[in-house]
Every structure is written in C-alpha cells, then in structure tokens.
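The chains carry the letters A, B, C, D, E and F, assigned in the order they are written, with residues numbered from 1 in each.
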C-alpha cells in the first residue's frame, strides 16, 4: 500500500524526520511518501498558522488523490484540516494527534500530552473535545518555547519536556504523547527515561492507516464527510 | 466607530444583504463596511469550504488593521477563522454564530439553531462546544439544501425552515437562531410567524461590537490569543 | 430608554456606586434609575441572604413594570431572582453575573471569577452551570472576607483580590470578572494592574440591555418564562 | 424523634395529605408535625412562586429550631430554599425532590420524573443538575396542568400522568418519581398500575431523616452551609 | 427484618468488624448476619481481586435468597458485583460505596473519598461515574498502602489518612467517606478529629436497607435488572 | 506474532466463528489461537453472566502468559474483565468493544452500536463512558432477543438488526458497530446493505494488537494496571 504523509509546515528538516520515523515502523509492502506544502508557515504555533497551513494540506490531499495513494496522514498534532481532508478524500485520512490518543487508550487508562507553546492550551483542549477523549487525558503539559525554536537547543528542550512528563506522572499520567511532529523520534528515548509508554503520533498514524487498509475500511460518506458540493465539478479521480 | 464586516464567502448578494441588515441596526455614529475576500467559495457548506474561506478572512482582517477599524465581524454562522483573527487583531472580533448564542442566552432558557445542509450537524455541534453552550441549545434543526441554493427558491426554503422551527418549539426551543448569514433579514418575519424571539447573528454581532467599543474592552492577549510569532515580522500597525 | 437597576441588598453605598458606574458607561439617551428594596440584607453572603433579598427584587420588578421601564438589571453577581423576574417582566431583565460571563466570552477563551467569601464557591459554581459556561471558566478565586466587610479595609481587600487574580492568571485566566457588585468601579484599575481585561458586571449588563432594546428583543414567553398564573390576577400593566 | 415537615405552599388540603402519608410510613417513635407558611402561594408552579414560598420556608425553619425539632423536610419537589435552610439549621434538612432521587438510585438504574406544568422543565432540569444526577434520569415527563388545578379533576390528572409514565417506561424509565407534593399518596396505586417502583418523596424524605438521626449525622458546616453571618445576631438556639 | 451483609473478601477480622458496626447502628428488630465467601482474595486491591471476589458475592446472594433474607449489603467500597446481585435478587441489594455517597449528599455539598492504594484511582472514579455523582465529589484521596496491610500498623495508617482528609478539606471537602470496609468503625473518631461529618458505608448501607424495607421498595425488574435468563432454570425461590 | 483470542462464553460455534473472522484478516505471520473457558455461561446477556465469565477470562489470560502469547483479545463486546486482564498481563490486551469504537473514530464522526438484548442498555452505556466515547456514539440500538437465541433464527435476527441500523442512520449514525461477538462475520454483508462502514470488533481488535506489537507498546504499569499484589506470589512468567 502507499501512504502519503503531509507535514503541514514547510520545514524540510521536520519532513525528513517524519519520513525516517514512518519508514522505521511501516510494514514491508507499505510505501511512505512525505511532503510539505509549497508555501505555508515554517512551524504551527497558533490558530493563525493553522489557517495558513490548512490550505496547503488540502492541495496535497487533492494531488494525492490523483496520485492514487491508499491513505493519508496529516502530521501535525492538532490535526489541521483533518475534517476537510476526510470530506475530499475517498481513502482514509488519519491525523497524528487523533492516532496518538486512540492508540494510547489501548495501553493506558490516562495519558498526558507533552507539547509547546503555552498558548496552545486551548487548541489542545479542543483536540481532546473534538475527539471526545477529555476523560482519558490526565493533563496537557506545555513548555513555553515556540515550535520553530525547539531545534535551536534540543538538549534544553528535551530537559524541559522530561521535567513536564515527570510532573504529569505524579498526577496520573500512565502514557506520554509527544504532542508535536517536531518531536518525532524521541519516543523510545523518553520511554526509557520515564519508564512509561511514550507515543510518537507518526508511528501511531502509520499503523492505523495500515489497519484501515487491511480491513478495507473507508471514511463514511453518510453525513459529516460527504464530498463537498464545491468540489464535485473539480472532477477528482474517484477510485473507490 | 468603524466596523468591518467580513462575509467569508464571495457571494455579492449575501454581502449586500448583510450590509443592509447591519446598517438598519447600527447606532448613529457606527460606520459599517462590508467585504468579501477576493477569492474563495460562493457559499460555505462544509469543512472544505471553511478552509478555503478562512484564508480570505485572515487577509481581510490584516487589511482591516491597516485601515484602522475599531472592530471586526465574521459573518458566517460557524465562525470560520474567528480564533485566528483574534490572535492577529488588536481590536475586538466577533463571529455571528457566537453573537447569536450569547444574545439568545439573555432572553431564553434554550434556543434552537435553524440552518442547512444536513451534513453540517457536526460543525454546528462543534460551534456549541467551542463556545461551551451545548446545555443552552434545545436542538439543531437542519434542512437538506446547500447554502448556495437557498436563494434559488426562497419561498420553499422559508417554508422548510419555518416547519423545522415549529418542530423545534415542540421540543423546548424558546428562541430561534438563524444559523446562516444567507438568512439575514428574515428575523422579524420569522418572529412574527413563530411567536418567539428570532435572532439574526449579523445584528447580534454589530450590537456586541458596539458594546465592547463603548466599554473599551479588547481581546485578551494573555494566552490563547497572543499575537502569532509568524506575524510579528509583518509589522502590522498596532494602534492599541 | 430607561433602565432600572435593582441592587438586591440594602446598602446605600453600594447602590450609589452602582449608579455611578452605570451612568459612566450608559449611552446618551439611556436613563439609569437605581434602587434597593425597602427591607432585606445589607449584603448577600449566602443562600439565606439570597432568599431574603429575592422577595425585594420581585417587588421592585413589579413596581418597575408600572413605572414603564424598558429594561431591568439585577445587580448582584449570583443573579438572585433572575428567572422569577423574567417570568414576571415583559421587558428584558439581565443579571450582572450572567452579563459579565457573556461579554467575557467575546474577548477571552477562559475567564476567572474574583469574589468572596469562601463559602460562596457552591453558589458561584451553580451560576456557571445555570448559564452553561463551566467550560469557559478557568477558576473561581475567593477571599475569605464577608461581602459586608469589604469596605472596612478596602486597601487590604484590593490587595487580597489582586493576589488571587495573579494566581488565576498563572492557571489560565485570560480575563477577570469582578464577582460582586460591591467591587464595582475597580475594573479599569485592576485591568491596568493585571494587564488583562477586567469586567465590571454593572457595565456589562447596562450595555447588554441597551443591545436588547436596540434590537427589539424581549424575553421569550414560550416555556420557561411564561407569566406566572398566580400573577395574572394582579393585573400588572402589559405594555408589550 | 420529631420531624417538622414544611409544605411551602398554603394549601391546607396538601398539608393534610402530606401529614397522612408521612404518618403512614414514620416509625413508631417518630413524631410528625406538618405546617405551611402563614402566607405564600397556594401552589408552586414557577420560579416566581418559589421566591415567595422560600421566605415562608425560612420562617418555619427558624421557628422549628426554637421548637427543638430533630429534622426538617421541605415538601415541594423542586426543593425550594433547601440550601438556605441547611445554612440556618443545625439539624438535618431534606427536600422531597432530592430524597426521591437518592432513594430511586438504590433500586433502579434510571428513573423518570412525573410532574407538571410543562413550563417547569427548566426547573426540574436544574434540580437534577444541582444534585448531580442528570445521568440517572431517563426523562422528565410533564403534563400541562397547573399544580393548583390537579385536584379539580383528579381522575383526568391521574390518567394523563399514567399515560406519561407509560411513555417514560418505553424510553428507559425503571422507576417513577411523583414530582409534586400534590401527588402524595398515589405511589402504591401507580406502582400497581405500572408494574415498576413508584416513589413518593414525602416517604423517601421521612425515611432519610430517620436514617440521619439514627446515625447521628448533621449538615456539614465546613463550607457551603456555614451559619449565615446575618443570622448570628438573631441568637437562634443552637442545641448541637 | 433480616439483612445479610457480604464481605467480598475472606478476612475474618474485617467481617467481624463489619458485624460490630452494623449491629451498633441497626434498629431493634433488624437482624444482621455477616459472611465472607468460602474462597477469594484476602483483600480487594485491584480489578483482578474484584473479579475473583465477585463470584463469591454471587454465591452468597443466591444462598441468601434461599435463606429468605429481606435485604443484602455488599461491604466493599467499589461495590463489586452490585449490578449482577440486583439482577439475581428479588429483595434490595445496596453497596457500601453507593450508600456512603447517597447519604453524604443529604448533609454536604461536596464529599471526599479517603482510601487506598493509589492504583485504585481509576476504580474509584468509575464508582463515581456509575453512580452519576462525580460533581458531588471534591476529591479522591488515596494513600499508597495495600488494603491487606492497613491493619499491620493501624496507627500509621490512621495518621496518613487524617493527613489526606485535612488536605481534602482545604480543597472543598465538606464530608469524608471512609472508602474501604477495612476502615469500618473509624467514623466517629475521624469526625471528632476533623470536625466534619465522616461516613462509614456499613452504617449508611444498613440504614438505607432499613428504609427500603419500611417503604416496601424492591429493585426494579423493568430493564437493567431483569432476572438473568441463565438463572431462570436454577429455580431460585421467588418470595416476592 | 501469536494472539490468543478468548471468547468469554462457552459456545463452541461462536468460538469457531471468531477464529474464522480473525484468520481472514490477520496478517501473514500472525498466528491466531481461540479458546473459551472450561466452564461459564453459554452467552453473556447480563451482568450476572459477565461475573461468571470473567473468572474464566482471567484463567485463560494466566495460562496464556505461560504459553508466551504476544497479545490477547477478549471477544465479547462489553469487554468483561478487560481491566483485570491488563493488570495481570505483561503484553497487550484489547477488547472487541473498545477496538470497534477506536477504529470507528478514524472513519466516522458518529457511530451507532447494534446489539441485544434491550436490558443491556446500561451495560453498553457504561462501555461508552469507561472509554470516554459517549460523544462519538449517535445511538445504541438494541433488539429484544437474548444473545443465546440469535442463532435460532438468524434470518429474522438479521432483519431486525438491519431495521435498527437504518433507524440509526436516520439519526446520525455514520458507521455501524456489530455489538456482539455472536454477530462476527456479518460486517461486509451489512456494509453492502446499509451503504456505510460496518465494523466487526474481532477484526478491529486483531488489527490493533498487530499495531501494538509492531510498535513495541505494552500496557502501562504506572498506576491503574500495576501487577496485582495477590498475584505476585503466583510466579507468573514475566517475559517482558
């Protein structure tokens, strides 16, 4: 099967890191393609960046349908444009935020989300509510560093995040979700450090898309995700 | 004071209808300017249209700051790009969905939302949750007509909507919210027909922006609506 | 238009302070009349005081209808007798607790309530639930001083309240609501001190009643607020 | 032990019916005294009646403390002035709405409330929320007859109520609560007719007050129900 | 009347302590019989122990029906097998967790649960949700001692529990629930120490079963608690 | 990898059907072993059956650990003994109810559960709450046939279920969950008939266990799922 992973920001370093993670865990037979939109924000730190990035995501989904991918992943933890993508697409689309949470539910009673910056609390809260999973979240732990700067001093970022994770564990966290695609690849290192399962949404999403493909499940077009009327004239390929 | 009302879709007829409503209820001394984005969907029927329209809304907010408006209104009931606009702007931004609900709370224990198409149920539900007002909503009543077609046969649309409103009233609706900017101007006619308060979000939003201006309140920049880092270089005017 | 503001307690100092605030923000053309009931508690510190005060509020509403006011405000943050007043009245009635919260929703994602005494936590919680706005409240911060004593040492009270507000801000408060009519007038001073919007419910309520008047909205008599049967014989004027 | 049951309305017929029910189920050794306030509404149909009745309830509680009762019952299903009474009293106070629901929880997964008039839906909903028991309520079934008129044609009222109860049972009701003191005494007749447990709040409250007395439990004065400051000067007897 | 109290664990010391408590508060005329299952865990510390203990509880309920008891009590705070017991039994079954919470609701706005070990947080949370009473719980305070070891150093356990109770009181606890049958008998001592009502579930359950017996209420067989099909052939006595 | 699927009831026909489904969707390299407990109920229709079946589930989990399985599935939709199994096991355990819901969340905004008998409504509701997914469920549609009898007249059962599914779709269902292991294998037939995704929990669980294995995730032992103290002496193999 072929999965297209869309990194909604335009940081090539992040796109490459996502590709490395996805390929490490994809099954033999799963081809991974990663892209970022041609234009858009370098990092997604707030609602404004999300608006800008969403347009790019939609373009990549539409291109991807013509390229006949079997599934899509939106690789930003707040799952920008996920619902719109599900309307447009006739094959599964999974967000890494959603995927992290769903997988966490099978191995922990309560999880905590580790992310940045502090101002994204409302956005993270909405992600939980949109997915209906507030009661499964022990806490949202945020460090006050912009996403675009986490790479500047990765050692310091790591230290700050581990500190928050330990605080989360004192208050009921039984699994940790890496709440930003920019943290991809840190899961096993954190798991070792913390002693509790740590989930990288890129992996969770790749595995879920493989699941859906194996089972032959596609997004329901019954109500919420009907194909947009404004798209019908676009004559997108419908290889359903 | 000067209010810029952004109709997120590109239907000139709708923009004109919004302008007429707003001017009818604006106070002497309130100047109303209405715009739609240069490009974007003709109507907002789904999440995909919302993504496209949101970019245009952001452009108009940014232009509006340079034009030194005292407040903004986003004239689409699901309040697209409202949070992003609040980040960018240093003067109040109000959405017509939000405004309708807040005003309804002062005159009714429970309100119902009247809108279209049926597939927008999830989006309307999210609007309620985002605003924390699920418990105040008796029902969401949707007719299965695309927003872009409500004008084609306005008599039929009116009849279908009134039917839904009467059903809502049997199940606890004490006020009706016109859940689409395309219905602007029907409030008093519906109120007369139904015998219960009917709210046009355009009016509600104009009155609320006037309130905020009179009181000298501006969007809190403390956390959720901090000015986006990616915008700081844009050197937007800050006439705070 | 003419607004009657009912201070449910019998403290003349508070009634005068409320009048001063209301007049400062009322539009030209809005006449403000403030009253307190003939008898009742000097301050509302608990449910018992609320019961006593509620009778006085009802009397003032009934008198106010004969005096042909265009709207009423109940100037106590827990909104005593608000629902009963809406049943009796045929023009809008707004409570300052409700008004503060609704206005706050347009400028902040989460607000905190600043009030007293500590034993009023349950009552404040109920105010939130009755309005359906628990999810918009970051915290209720209470100092353990009886309402009747806040004037005894206003400097100390101010200091204690500012301390609580700063704690609230560390935990997500983006706007502060002054949770007691006895604090009227402190809004702009606190706003300056704290750096985030601070809302005085008296102002919020005056502006909302003006809104409702401009828009021609009245309390829905469809269900919850039907005119009480036991009142129908009283032959109250119905200038609807 | 001695229990004072306060019928918050002034209908002597209702007070007598309450007394008959209470005495039928009180244990040997439990003395029942029933009263209604000197003045107040003949029936409690809405929030306005509740305000008026509440003052009378408080007077009777205060008198009852001097008469050294061991417990109080407020015999109106929406539990008017219950919280204020708990502040004032140093012995247990139980409302019949609350008591019905708590007892129902031990014998049924979900109960339904049977009451009148239709406009009391909001008030019943609040009763559930105040007690935290929304999730245990299958439905609130209301007939549109004012409380004051249920005795006019009791046969018709009974028929209407039984019809609603049967509808409730089709939608998950496993026990029926008689949602009005005016229905006292109909429990066993309804139980026989419907085949499911039917609860008369007067009985439930008498049995709960006996429980609390046997166990030596009194209302917590730790926070919510502290003795009102405004009462402390009244020198009520404190036979704690 | 005759009540059978089932201690789901096999600790004879606990069964004896439960018997002593129950007899101290039972009315003259109430006969108390206490048992533990023949086999099962010595203490219930987790879900695994609960599964094992539940089978024993069911056996004792079935025996108890043949012994013609008038009511049953399950004396473990998480109420293991309570729902299954209600299906099987034709007389009331009450759990001590449920009973503690329901009784607490009549004397306090918010209660806290005091128990052990720390890993039982999820189980306690479920108890609250199953009963619909999350909003009445101020906090769950757990010490990290296994139930089986609380007797080893009772003085230390007491000290740890009192410390947690004081912390709970600082955060809104107005009554304390002893969250484990192994703590039976400590209620009045804790109440004296803490100054707020402290509830022993064994007492609460005995008093509630007496209530239900006096009122002639039995578990509803309408839906959730229908007699299991797989039991119908067992020809259990049905002395309904 | 090797997965042990435990059918908690003792119906060989059901166990065989589960095996057939699991093998159809398992990946090459996944070995499926299916068992039922030696004794227990023939079908799980109620809480009583669940208690009996749970003991058998625990025995099979413990045996399975000695047999060195890489993951377990509990194949009954209400997920009996799932939490206890997670305590005992050191490899992933997934329930088919949980798995169905989590997978459904990736392809539909709202799902409906199709099951039987009517009395299991409370149990299904608890399943949703325990998983935190009430807001994702459009409806629980139950037919009043005991689980043990669905095979007696499969055509009739199918017809009744399809009727309920169509009703669910009129009220917002976008995917259908087969809410009973006894319905395994009907998914694709129903999907074709209904036109919306239909999920068989056995498939969903197999795919999720494969995911967890691929990713190397194990149940968190941090808090809720700590290894039971009462088991530690049993010297179960710990091939972690």
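Assume contacts are C-beta pairs under 8 Å (C-beta built on N, C-alpha and C of every residue); 3 or more make two chains touch, one makes a residue touch a chain.
Nothing here was measured: the structure is a model prediction, and the numbers come from that model.
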{"item": "Selected interface, E-F versus A-F, where C-beta contact pairs are more numerous", "value": "A-F"}
{"item": "Proportion of interface numbers common to subunit C and subunit D (over half same, under half different)", "value": "same"}
{"item": "Greatest separation from subunit B - chain, by CA centre", "value": "E"}
{"item": "Inter-centroid spacing, subunit F versus subunit B (mean Cα positions, whole Å)", "value": "44"}
{"item": "Subunit C-subunit F separation of Cα centroids, rounded to whole Å", "value": "53"}
{"item": "Touching two or more other chains - residue numbers and ranges from subunit B", "value": "109-110, 121-122, 172, 223-225"}
{"item": "Subunit F to subunit E touching residues, read off their complex", "value": "41-43, 45-52, 54-55, 57-58, 81, 83-84, 86-88, 118-119, 121-123, 126, 129-130, 146, 148, 223-226, 228-231"}
{"item": "Subunit E partner contacts - residues on subunit D that touch it in the complex", "value": "25, 27, 92, 94, 98-99, 102-103, 105-110, 131-136, 169, 172-175, 188, 195-197, 199, 203-204, 207-208, 210-212, 214-220, 222-225"}
